[in-house]
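Chain lettering (A, B, C, D, E and F) follows the sequence in which the chains are written, and residue indices restart at 1 in each chain.
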């Protein structure tokens, strides 16, 4: 969720990065009292994310700027649609333009890609069961809250925010737990007993035969990493509702529907945030 | 250039974002005294950028960690190559892993894409003249210095850093300068006269007939935006060395070589930073 | 968990608060080259928390200071025990003394009070079942991570860290969910379906008759707030292992053992952090 | 004094600590347009401190929130009194509630305890002379300005703010000044001569026989530490108005009136801030 | 250019420095509801810079304060002129007074000194050519943007802002470029080829005979450092419009007109910022 | 006093201001492995202040740099003296040079000017009584601690640091205290009774006849503002050791000795910090 504090801090830092001591061009070439109107126009179809971020870039630069959002985060739009209109000082509009676009293009790119994954798995679960598309921690450093917001705008779901708020045990952790021939289920159960009772525990497994011990150890989610479709189906069957089933690895728009068909609950997709391309949005400015 | 202050501030903030009050998993599941070794392995070929950033993620998390970089920024590598080796506390390595990879995958993705553009234009200028591939301000908010560094690692060149350090006059600015029937060259010259003498002035034009006035007005670079190949050639010919010639718009890996062939000096490419996908690099960890 | 970043930021800010432009007394009255040794001495028995914080106050003030901790966080000590020894510049020791003590006295006070609660419930659950003593969000603004660390040092357990990492639905939330005569279990289940799958959901109830709907709605923990002992027992029985059972309200050192005897899993105690008094620890300084 | 800058920085940081990326519960379970009213109700009698801090927690979370304070800082109230009323968005109210209470409970606890000390010494000085109850530097790290404000609200007085703004010479400092058989009065006078003329100098003594030299050396306040009542009386008599007389050590609600009866000017009490328990204040929220 | 972000950050930090926990005097001696009016009065003639900074000091302290600026930055005024009027709370006015004056006196001192240099060179170039007076990086740490703004208010021009936005090659750099007998022009040209095409390159020379190579190497500005008037004239003649000619060294109000007469384009003067004295401005406060 | 925290924060910010994303010149023109030696040389005689600041500028830029200070803060030097020697990476030295000099020239300018005032009043008091030269709050925003340190290095003394740590009542405050015909001494005494007992109270008077009431009201220092020499002598006589006597207004190097001759204890001089010019110090760099 994008709190006012997050918006102010992150967008403010971006504006400072892009104009640490002002916009040399606008202050030199435009009269201080010139006003302008600008339309945010979609150059290609997509799903909006970051409307509030877009607005914040303008109002932090100049509180007198008025931003009218015509489309809400999560809404789909067509090429040519006008998504928002900004009015205010010409200098202020041109100073904030690039930062506003950099955020909105990137976040809308993520929302649009997420929406494609969500559409791909619609009704694909066994018996029409809905499957969740979730993000990962493969986000842009400094922009995690913003990119997670974009995933939700695209119809996706968030995973844990950080290393501090949920547990994810992977191969290395499991190997350590089993040292000295220790029983995995026992070792896992004892470790979980020291955690906050509100801590969700995901355990990643590479093979089907790890599942019984992991369930017995108390995992809340079993993450089946890089499983074949057949093994995913076997895993779902083995887990049988005793934990949430998450799949990851080898997920792309070509494979995701089949993965959803195996009956897993959640498919986590790093590409949502690490490889979405910026959506082509433009600002058409008319100086009065 | 990545100063120590930038590295500490930006990488530190990313670590704080990813583990605001520690790594619940590692502190619960790994003994405090376990040590580990990790190899940064390329899962696909590419060009490295961000080696120092990678190292900083580990040493800020734990100053006792030792990072040995086997490949320098700007070096090309093959799939399977080991790019760096990290040794230290198992907890520290697993805590820093994701942030280290998030930066390095993103920056190496930019370097690799830049290198592809640079290779595409090699020797493509008239008479073998070299053409520069340059970045733009379409960078990730908060990471501009890092992404510009990656562009240079890929063989590209930087454009102005921000709105504060060079002038770029676009259509709106030119329209305002000409209000009331004012002569563009005169208006531009007078405006430039109020700037620091060290300010470089780029003027973007949409049509060939704007060029004489812009040159006469004192532009140091003329940016030919969305020109056809034919018009680019005409522009180069018209400018005739009196200013740097920059081309932008419609540039992709399919078109860039032809654009270079027109004789322009610089081709600026937003895609280098706004749409590079993360390169697939992985960390193979062995807990001792 | 106290990360190096947290220690540096919070302890550094405290030092800055206490000596924004240096220690007027020490710099005026002590020679720059005088050295000293100081013992951290317990004036009353207790449990230590904040040893690392104590050390950080000295080393941030002067990196040349050597701090030798004789007792680890979580260890009990008797009145008169020497818990740590500090050697270094006399000026530096006296400058950092108060901040070091302010932290350690407060955190050890929390650990000591927590240990009393933990001791009070030892073996008190039905059939010797162990019961967890947990903290709440009633912590000192700015010191949550430190106070949670102290609770763990005292043998207690942490609850959710913040509003961002787990859900706790209370009376107002439940009332809103049921508006328009909506079925609570359905409304709750639908709401949970929009959360990250890693989000733990606590639902607080005031009456036994709310429990079936809450369980059916998917709560992971049912918090029985201000229940009589009889009702707590009935609640445990009704929930029957389908969710974690947490008790809160009216908990103090006189009542906690009986509450533990009802079979609840977790007892959350605001007093651990909001009303612990500082433990009496002193620093005996000898200037050489 | 709580400046706007202090309120914004410290309360803002506390809100950020408690909801770094928003309130998962409220945003999931409450409609965005639900409004609510909340009363701050005293569950026990006391003295208010932190009304402005309480209000700031709500207005920083959402500037549209209206906070109406019915009781001023320093006012006494009875159990059941409504101290303030808050109206605004239901989400915003529930998001800010805990931080608002954490501050106000803690600060009102300090004010209430201070008021008890102040009442205990009323008219207790010889001839009805009034005696000051003062705080110390034993405050919560990061909250010193807030806790000092609470002491004043309770009728107490502040001591020096920090190591930077007044001098307090203790046993170690005096020992160093006398090294090599140097005369204490002379050594002290020479040291004071190097201080800003606006620096107040407190000298702490352990024995009556130190007083003449300390007065002669120019101390503005003589702090009699851990003196018996008899020795306090002797000290007051010996100092005879030539310096302010401060007593500390062994001060509690049982002993403070007798100490005041000895004629000292100031009694400094660490417990005011290091061991006050949070006052029981609650927020009764009604969602519209 | 003084962006809102810069004003808030730098003026806010100055207010915090001057009243970290409030104004003891005003809060003790003035009623909270007293109002006042204050005139900013010139005690000597000069040129104003920092009107907006002056206003910000008052409005950050108390947003209810009204500041009416009668004179704009860059305007000249006489002794006795009222430059601005402030109305608001008496406490707020007296709290902000010193910081407001510290900035405005310092910045107006710079503007006034700059105006003297600008006046000294008016029409002094050959054939009446105008010569620019420029600042340097010899500014007060932390106040560069503010002092550059003052230079512009005084009619001067800015040089590069920082080491990051333009190149200035000095004797040491040139010596390194020529190592191993390398040709300076070639070495310089190759180095420039690696820079952003928007980077302006200043090369400082000590002798006339360095000029041909430097021009041939592609310098945009040739800085003639500590040249005699005769050599300056020779340098201008040699450069012949192929680069901007900048003079520095030995510049003061006695020498600057003669230097301007040599035909150089820019004279850079460190004294504008490193040695301007504060202008005598006062605040006449009337409490209502 | 310059604490490590102050040095790091203020010098770090200055370095960041001067090279936000690195030194374009050095990284382009100098090999990464070139080393250099630099001497800090006095171009004119003076008194050093800021040696530690000078060193910090280099070591923050590059921890491998070695700075050897040959002269201590407060030492006088002659033109041509080498004050410090720096060795390290050529790039690092040239990057930090300007910031190091900007601080040291400014601070040494203040120390040198202060030393001139101190010398001017040596032995000038009646009967050879020594008189203190003190600074004021007329310091550069953001650099107060540094400039106060320079005043002490020059042999001067500090006044109160800020509005928060001592009281200074001026004409407006006194007028308010006397409203409704209230007796000034009584009003002042009652106000002082609400202050911390460690708060020093300065009262500024404009006329001799105000002195008795101010003394009776409990002022610790009486500040005689803009008094004639005759009135200063009368003031000293009237105060007769019952308070510290401070003189201000109309103080310059021509008048200060006569003012000292009147018998005042302290002369406060705004010019020490608001109008000192930078001392001419240079860095002679030799690249190896």
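One rule holds in what follows: a residue touches a chain if its C-beta (ideal position, glycine included) is under 8 Å from a C-beta of that chain, and two chains touch if they have at least 3 such contacts.
All figures in this text were calculated on a predicted structure; none of them were measured in a lab.
Novice: Could you tell me which chains are in contact with chain B and with chain E alike?
Specialist: Per touch definition, common to chain B and chain E: A, F.
Novice: Spelling it out: a chain qualifies if it touches chain B and also touches chain C; which chains qualify?
Specialist: Both chain B and chain C are touched by A, F, going by the contact rule given at the top.
Novice: Please state whether the interface between chain E and chain F is built from the same residues or different ones, using more than half shared residue numbers as the mark of same.
Specialist: same
Novice: Where are there more C-beta contacts: D-F or A-B?
Specialist: When the contacts at D-F and A-B are counted, A-B has more.
Novice: With centres defined by CA atoms only, which chain is the most remote from chain A?
Specialist: So the chain farthest away from chain A turns out to be F.
Novice: Using mean CA coordinates as chain centres, what's the chain A-chain D distance in Å?
Specialist: Centre separation, chain A to chain D: 46 Å.
Novice: Roughly how many whole angstrom separate the Cα centroids of chain C and chain D?
Specialist: The computed centroid separation for chain C versus chain D comes out at 23 Å.
Novice: Give the residues of chain B that touch two or more other chains, as numbers and ranges in rising order.
Specialist: Residue numbers touching two or more other chains: 1, 19-24, 161, 164-166, 194-195, 199.
Novice: Among the chains present, which pairs are found to touch?
Specialist: A-B, A-C, A-D, A-E, B-C, B-E, B-F, C-D, C-F, D-E, D-F, E-F
Novice: Name, in rising order, each residue of chain D that touches chain E in their complex.
Specialist: 1-6, 145, 148, 161
Novice: Show me the residue ranges of chain B that touch chain E in the complex, using the header's touch definition.
Specialist: Within the complex, chain B touches chain E at residues 1, 132, 134, 157-161, 164-166, 194-200, 202, 220-221, 244, 246, 265-266.
Novice: Spell out the part of chain E that touches chain D in their complex, as residue ranges.
Specialist: 12, 15-16, 19, 21-24, 27, 60-62
Novice: Looking at the complex, which residues from chain F come into contact with chain E?
Specialist: Contacts found on chain F: 10-11, 13-14, 17-26, 28-31, 34, 36, 90, 94-95, 98-99, 101-103, 105-106, 137-144, 162-169, 172-173, 175-177, 191, 194-195, 199, 274-275, 277-278, 285, 287.
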